[in-house]
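Data block below; observations after.
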Amino acid sequence: MIPILSFSEIIELILKVLIFPGLAFPLLFAMIVIWFERKFLARIMLRIGPLHVGPLNRTGLFQPIADFLKLIQKEIIVPDNAYKILYNAAPIIASIVASMSVAFIPYAPKPDGGYWMIYYTPWSLLVILAIFTARPFIMVGAGWASNSKYCTLGAIRAALQLLAYEVPIALSLVSIVIMSRTFDLAKIVEAQSSIWFIILQPIGFIVILIAMMAELSRRPFDIPLAEQEVVFGWPTEYTGTQFALVMVSEYFDLCAVTSLITVLFLGGWSGPAIPILNDVSPILSGVFWFLLKMAILTVIIIMGRGIYPRLRIDQLLDAGWTLLIPLAIIQIIITLFTAQWWIPLLGGV
Amino acid sequence: MLEKIGKSLMNIKLLRKIFNWGRAWSLWSVHLETGCCGPEDMARACARFDTERFGTLPFPTLRECDLIFVTGFVTKKMAKRLKLAYEQMPEPKYVIAIGHCSISGGLWWDSYSVVQGVDEILPVDVYVPGCPPRPEAWIQGIRMLQEKIAKEGLKK
Amino acid sequence: MTSMEEKVVESIKTRFPEDIIEAKVQRKNRVSISVRSDKIYDVGLFLRDELGFNHITSVSGVDYIDTKEFEVIYNVWAIDGKVLVSLRTKIPRDNPTLKSLIKVWEGAFYHERETWEMFGIKFEGHPNLSLLLLPEDWDGPPPLRKDFLLPDTPQEKLEEKIKRAGGQ
Amino acid sequence: MSIMKLSMGPQHPITGHFRFILDVDGDLVLKLEPDIGYTHRGIEKLAEKRTYLQNLPLIERVNSYCDSVGTMLGYLEAIEELMGLEVPERAKYLRVIAAELNRIASHLYAACLFSVATGLETMLMWPINDRELILDLLEKLTGQRITYTYPTIGGVRFDMSEGFKEEALKRLDYLEKRTEDYYKMLLWNHTFQIRAKNVGILKPSDAIRLGIVGPNLRASGVKADVRKDEPYEVYDRFDFSIPTGKNGDSYDRLEVRFKEVEQSINILRQAIKDIPKGPIKKWAPPIVPKGEVYTRVEAARGEFGYYIVADGTMKPYRLKMSPPSFRNLIALPYLCRNVPLADVPVIYISLDLIPMDVDR
């Protein structure tokens, strides 16, 4: 049965789906992050980065737009030996899947109860975990379907990498769930209204940050995309628009991951109310804090590319199984013993 | 069908200009070094000269590249690979010939294994002379190519 | 006290009195030994094992077209003795074969392959004599032979080039 | 078990002008077969057609890449030995200054390539930025950025300009300080260490057996440097040491290069201090007397050998080059057996092979 929505609810839904956190937000996020990444890394590397592109003089702010315009003009080449259906579908699926996880993340509480999110479900944490797990399969599928040696190698590496980060992520989520006693992301945020989980579970935060960087294939864990070894990994053969979709999907993923870590460890929207924003709508204030935390996490994740060399796949697997998993288990044990003191202090639930 | 729509859209002058702008300012270059100008290729992409300012970024895979720098002489053995790499790049694509050797054979005019000028195998858009040309000259070559692209498909 | 160079010349002369055509000290740190081509392997082994010439420096050929001979020169450096020996041998130009010395100096692998490619000198016992530097469809004579001539004028005149490109 | 033939290059982000044919099993490289010759121009043949003086720019382009002076010195040494020509003192010092500056530039280039191979792009940019400073100095001295044709038969072409000494000393001071940053950023970076240490170990006995030269040989612990063994130019007047490595792995090969940069700075300071006044060039006849000569010099990548047969005309009868990269090439297939695919770029770059140099 479809519930009948009032006019204001329809407006709200359109806003959510198309503007924030729906379609426009991840795209804008991707664009800004691409620009910021190039500029920021260039500054680390004693370069200037994009400079002359775009009307805003000497910022190069329009560089991603120029890249995007160029990519959609390019000829689309499908390799002769490729398994065409999967090859053509993979970028689309990747971007859809990547943007899907944003729908389950609460960005701010509404003043009249409920949360500013596209789809509310009490199992949102599990859903997002499931979505994240789908991504390596697309990578493997696309790499296999390209039927190119470098793509296949990249796909194999992506599959291997999955083994390194998936378990630590799941384990460190366990301690969050123990503490907050719910799978509902909104409830998890509310539990942190007095103390953020990053203070209670610093080890868990580090584990999940590292594991998520591996999931995103950011340096030092960009092993499936290692350009010096496997050219560009699984998307090597993609051209033009398809490649644009692949790239954008990566940044969608970055958006989802930073949102998730913000929700889990950094207290989501919690923060002192900003008077000017609060006057317009209390939602904006929450969103502001949320975005600020996301930005900080994004900078941390991007910085990896400037200061670390890439690890080898066996080193990553070693680190995953001998370092991250024990650390996550230690965090679980600590949480189990200390939860009785902390839980009464937590808000919500 | 889609192609037709695309072509008719491209006839609109404003759209054409916008798309040309996008192409001109995002020339990703292939990592294929053919001759001695290789280190200057690195110098122009790296810290001091940094062609990323103009949107020219060295890119690992040639499937997304638009620009191929023929860095110096092309041997007969390399010529086949160069042509193959050029053919693998998706349209639209551009070639800049760097250095005397790639323009006319240069110092190797009587060599048994050097192609006398890269224009025998690839259509060259911009020639940058020098042995090797300074990174500033590379940048000028890129700028000239950008001007050329900006005029593409537009009546004078 | 005899210097290292003289010691090398002396010992090689006493060890192979028959096969050494000439052995002399060229200057400080340089010794030149020319041997008969069928004994080069033994001399090489002796140089390596007894005199400590362990570091292969280069293998090169010279085409003496007037006397119809190739000269093959192994330049070997002794890291401890600090002497470079040029072990040279002459082989007929119409049947250029020589026993490969890669069993003596393993580093000569690519050098010998290059010499084969550039002069057509066959090294017996070399595992992989295939084209190294030349294009894979090379069908001319080995390029460093003196009878392989390079063009004296540019290979294509500029006017022809412009004409072919359709210009004026 | 299935073995995949993987062709790496020449269009590949790391291989430069080479092509490697790899036998890959999963992520493990069983065998590597280098396919070279993509930059073969036949310099040895062309040199027979040109006069000794015309050969200078030709020879330089064997490794105009980054070490042009070091490449040319061997050729000039050979000709001058045949002629019995004594080069003026000042020219010798200027040659040493140019060669050492070039060595620094070349080693910085090697360091930045190394960091690219491990994926650390920041350390690609930093050394190359400082390399520009050295290139500026060389430009001030010689008038070009990377192809100088600076030394010529009988001396050098230009004298150092005014203010060069002060500028050079200032930049060397800066570079010395800057090296500390490199150590922090690259050599002491834990992630870098686990990538580079114990990768591609070359034992001293193997290194000598295979004929490895230059920093690669010294990284294996063999103290061999032409500058000490048979000093050419004025290297016997300087006080410097030969850095050697312990394990002979990729990390040591890089570390030795960094230490050599320090030694080069050391030599440069002494050379700039001691340089005598006088002429910079001596007239040399165009005809070289009949004879044969083999000379060795220490170029940045290792020992560069020239074998010249002169027949008493203006052109060499035979000119054989034995460039360091060609001699180091054999280490690549030797080290790349049963290594992970990710180690292949590290080993390849750590050997600092320059395709121009290999192919000629």
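A, B, C and D are the chain letters, set down in written order, and residue numbers restart from 1 in every chain.
By definition in this document, a contact is a pair of C-beta atoms (placed from the backbone, for glycine too) under 8 Å apart; a residue touches a chain by one contact, two chains touch by 3 or more.
These numbers were taken from a predicted model, which means no experiment stands behind them.
Listed by label, the chains that touch chain B and also chain C are D.
Chain centres here are C-alpha means, and the one lying farthest from chain A is C. Chain A and chain C have Cα centroids separated by 62 Å.
The mean-CA centres of chain A and chain D are about 45 angstrom from one another, to the nearest whole unit. Once the centre of each chain is set as its mean CA position, chain A and chain B turn out to be 35 Å apart. Between the CA-based centres of chain C and chain D the separation comes to 23 Å, rounded to the whole angstrom.
For chain A, the set of residues that touch two or more other chains comprises 45-47, 227, 231. Shared interface positions of chain D, i.e. residues touching 2 or more other chains, are given as 12-13, 37, 40, 42, 45-46, 49, 124-126, 129.
Contacts with at least two other chains are made by residues 134-135, 143, 148, 150 of chain C. Pairwise chain contacts in this structure: A-B, A-D, B-C, B-D, C-D.
Those residues of chain A whose C-beta lies close enough to touch chain B in the complex are 38, 42, 45-53, 60, 62-63, 65-71, 73-77, 227, 231-232, 235-240, 243.
Taken in their complex, chain B has these residues touching chain A: 18-19, 21-23, 25-26, 46-47, 50, 52-55, 60-61, 63-64, 66, 88, 90-92.
Interface of chain D with chain A (complex): residues 4, 6-7, 12-14, 24, 26-27, 115-122, 124-126, 129, 185, 189, 191-192, 194-195, 340-345. Looking at the complex, you find that chain B touches chain C at residues 75-77, 105, 109-113, 116-117, 119.
For chain A in complex with chain D, the residues that touch the partner chain are 41, 44-47, 149-150, 153, 156-157, 160, 219-220, 222-223, 226-231, 305-315.
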